[in-house]
């Protein structure tokens, strides 16, 4: 029985519970179990780069301490500590922005990202360039919402409007949700817009699942 | 029960059997079944671009006819017909070069590809550029072997030598096997070299598995 | 006497006749003759990727069968079968999108493409990336017209408006017509806008002419 | 009767005569005439950047003065004054490096350039990046020869050796001669190596020919 | 005592005086002196490419003649003659667009450039691509002003509006003034917008100062 | 009197003393003072990514605590904590790899980096891609030395050999020392090789000096 540890780097247990629900289908009876944990040392929300950097060493310590796990997912769209955790263990470690972009780009040619706000877009763009995917980005467009707001059912109309703009004006043919908290909107959005929509945490956890099943 | 159809575009049943063996761990009891099929209209081996183009429309017909499947994998490293099959169905379709590169790049920063020969390298390079990943390629280096030779246990020493060169001279920190037939060398190579090694068919089928489990 | 075979991959003879008229000036008495032929196996119009893929093998067969020709032009802006036909013969084969972009970029620094609609733009963008020219594209903007509509004299005002936008808002300094059927608008558009305008079929046929004259 | 003015920016009449011979096939009886002229103000040879810059304003004056011509070719592989001359006239002006690269890339995916020496390679590389073609360059390799040496029949074995290395080690599938003086080696090299070889002055003059025929 | 020669390539002494004022803080008592000189052979204003090319050889002559200087700055945003002057002397030579971009990119991830007008933007974009910085440009937006207008205090509101748009709509997090004449707006703009603003002539002269102090 | 704080992130006081010596020329009497400090919380040497990440938050704390400084330099070639420190203060913060690359690229077109070993090269390459400068890198070549070894006078012959290879085989025309400890080799190397050589800590401190003088 293999174990995938999905680490929510903020200390908000509600977010962790949401992750567990959206990842439920990736539990494989008798073969692979997904455990979603809260990084209690983390800030309540990760909103600034300082928040992000503050979880880097705790994430590494968690990975080292939890050596009972067979693969790791860092469930924050900024992919904090990803390179460091990869050097700390030879087991696979996945980041949700990286996995989300790669998965979305296997469903289309140009990815459109539904982001929370302009500041997060400004943070993501250099990272996308570092990944080498800058020319495959249709655009990243803001909801002007907080994480909490974006999780609510009431957020759907605005998410749909932003997504439609990405397809119609920016020629995106595959969409990615730019935050760990929007999984519940994934399938309804796909139905409404008619192009594939990827949830990044599901994408990263699926990579982890593949790794442990093939190990 | 979901079904993933892995299509071997050549008509060599021995290759199909090898794929089935290497993908066995991705069958999930009661939830997802992998079926490896031989494209009987395909050439015995896909070695030229004409071979490759000759399977494009048959692959599309197969995808349309086999609408009992929930996801598709085209198991030829040239990714023939990938864009077309994606337009033929709203179900996900995966190509092994694309999936292999994306998976390998989640285990390191610069991917080294173990290729069969210079001609296949020449074909792959523009495709890698089209994918946007040209700057993340450490190098692609040739075995100077046929598909058949590369499958044999005797091929391992040469595969290991090429892989070591990719790591030591080209600074690759993650490796990808550049053909559908080398899966059996994957784990031994990883053990010998000490950096992650990705088998492309396993990578693509894992993507397909994730898609059907999350559907 | 050399012969250039311009193949219209759709089966619409009216389009072929239009090509012949626009290429008339490239016939060279006693030295090079341009023959425009209709691919009778082709669909009446090439509008989907399936249409496009369906002509790939017929185009190769045509090239092989018509070995009395000295050079070939594939007169569809999607450049179907270009790589394959190039491997089928050592004689030169030209695609109109590729030739059109290269020619336009010899008249300015940033090319603006007048396209039929958003779907064709979405298809062209990855190809432009594959050609390596992504950073030299000012923009590609849609007419929201069919091929037939774009050929009519009545289309000119809209073509002019889109072209003007490419120059004024996207800083294009050279323009390319993004379809085989707009050649008649080429010179009037250049006169109206004041920047060079390239017709892609003329550009490709001119490359073929140079090749046969220099052979 | 249209006139194409091919300007040799150095004052070596022997070079001009060689250009006229290699461009002879592009004269079209009664329709287009190619005139090769020597820029008498130019240095005897263009070897330094100062040589190159010293011909920029004289080239512009020549273009303005010779307004009886319908198109212009600047026959020095450094493309001196190309942007300036393009702003001085609305008639088309072509540079041989630019045209050579674009033509060669219509005969293959990755271009290998046979250059005179390391210094010229160092000058060309940033220009290729400016053209946007950096990722389509297989490599540029030096002959370690002067212009004069490269023109001689005795140079052929070394040219062939460098060309073969570009194909075999750098995976070039199309070759370009990196100097205005090697045209006589073009066809023999193509025969010896078996991949297309482009002479840059012929490529640029062919573009000019197309422009005047279509005007 | 080291000397930095800042050459204003146009013959407008008023501009030279403005440069001297804005560079005053970079004079270092007893160690480094900045001399701003007017290129009397230059046009009164550099507005066209011909203006720009016309100063290339005079700039080189000035650099050679003024060999009492220890470093040189070419104070025109088009960086005329930069490569040539660098080959004319082993002393360092700086161009203000190049230095300005590099300095601005040390204060943020994506640079926004406040340009005079669309024509200058069209000239700058290929140069930025040549520098390799195309993917780090947020955008370049026009004031629709002449050099003279942009220097006036009355220009500030429009400069501020353009700058704000670069930050808010184009996600620039660092700004660059796209002309040698806007230095007086630099600090007020930084105060108004809240992101770093770089004056390009100051940036280039600072590089020159570092070079002479470290020599 | 302005103060530039140069922070050596490792706790080796000997390294800090070396920095102070090499930066001595950038002290400006009565206007700007350079203070080199040792990060006592840092590891004795920064050799792994964990070492590097372990100084990120201490560097930020140091920047916040030392708000008497007017500009900051992080004197480790991996640029640890650069983005974070930039968000922690509105004063300018410089990283030596970033500044070194930008300065070196103002002395030539293609930069060659003399690195300590293959592992550091592997770490630098993605960062160079993130900076957008990948296509301007001639190559990065290893000394196969530790920091300590590279500082010694005995290291010079090997440094010279690697540097010569970068110029002769990789066509570098400007060189950068890839570590904070090689400053003493800078001028002798420039004299020996004949192309400009940049020391990264001097480059970053010069940027800081410019910023405080212009403030």
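Labels A, B, C, D, E and F are assigned to the chains in the order they are written; within every chain, residues are numbered from 1.
Heads up, the rule we're going with is that a residue touches a chain if its C-beta (ideal position, glycine included) is under 8 Å from a C-beta of that chain, and two chains touch if they have at least 3 such contacts.
Because the structure is a prediction, the values reported are computed rather than measured.
K.L.:
Among the other chains, which touch chain B and chain C together?
P.N.:
Per touch definition, common to chain B and chain C: A, D.
K.L.:
Considering only chains that satisfy the touch condition with chain D, which of them also satisfy it with chain E?
P.N.:
Expected: C, F.
K.L.:
Interface check for copies chain B and chain D. Shared numbers divided by all numbers used: above half gives same, below half gives different; which is it?
P.N.:
Copies use mostly different positions to touch.
K.L.:
Based on CA centres, what chain would you say lies at the far end from chain B?
P.N.:
Measuring from the centre of chain B, the most distant chain centre belongs to E.
K.L.:
If you average the CA coordinates per chain, which chain's centre is most distant from that of chain F?
P.N.:
C
K.L.:
Any idea how many Å lie between the Cα centroids of chain A and chain C?
P.N.:
42
K.L.:
Measuring from the mean C-alpha position of chain E to the mean C-alpha position of chain F, what distance in angstrom results?
P.N.:
26
K.L.:
List, in ascending order, every residue of chain D touching at least 2 other chains.
P.N.:
Within chain D, residues 126, 129, 132, 134-136 contact more than one other chain.
K.L.:
Under the stated touch criterion, can you name all the chain pairs that qualify?
P.N.:
A-B, A-C, A-E, A-F, B-C, B-D, B-F, C-D, C-E, D-E, D-F, E-F
K.L.:
Over in the complex, which chain B residues touch chain A? Could you list them?
P.N.:
Chain B residues touching chain A: 25-26, 28-31, 86, 92, 94, 98-99, 102-103, 105-108, 131-136, 196, 202-203, 206-207, 209-210, 213-214.
K.L.:
Help me check something: in the complex, which residues belonging to chain E touch chain C?
P.N.:
Contacts found on chain E: 118, 121-122, 125-126, 129, 134.
K.L.:
Which chain B residues qualify as touching chain C in the complex?
P.N.:
Touching chain C from chain B are residues 48-50, 53-54, 56-57, 60, 81, 83-84, 87-88, 126, 129-130, 132.
K.L.:
Within the complex, which stretch of chain B touches chain F?
P.N.:
109-110, 135-136, 168, 171, 173
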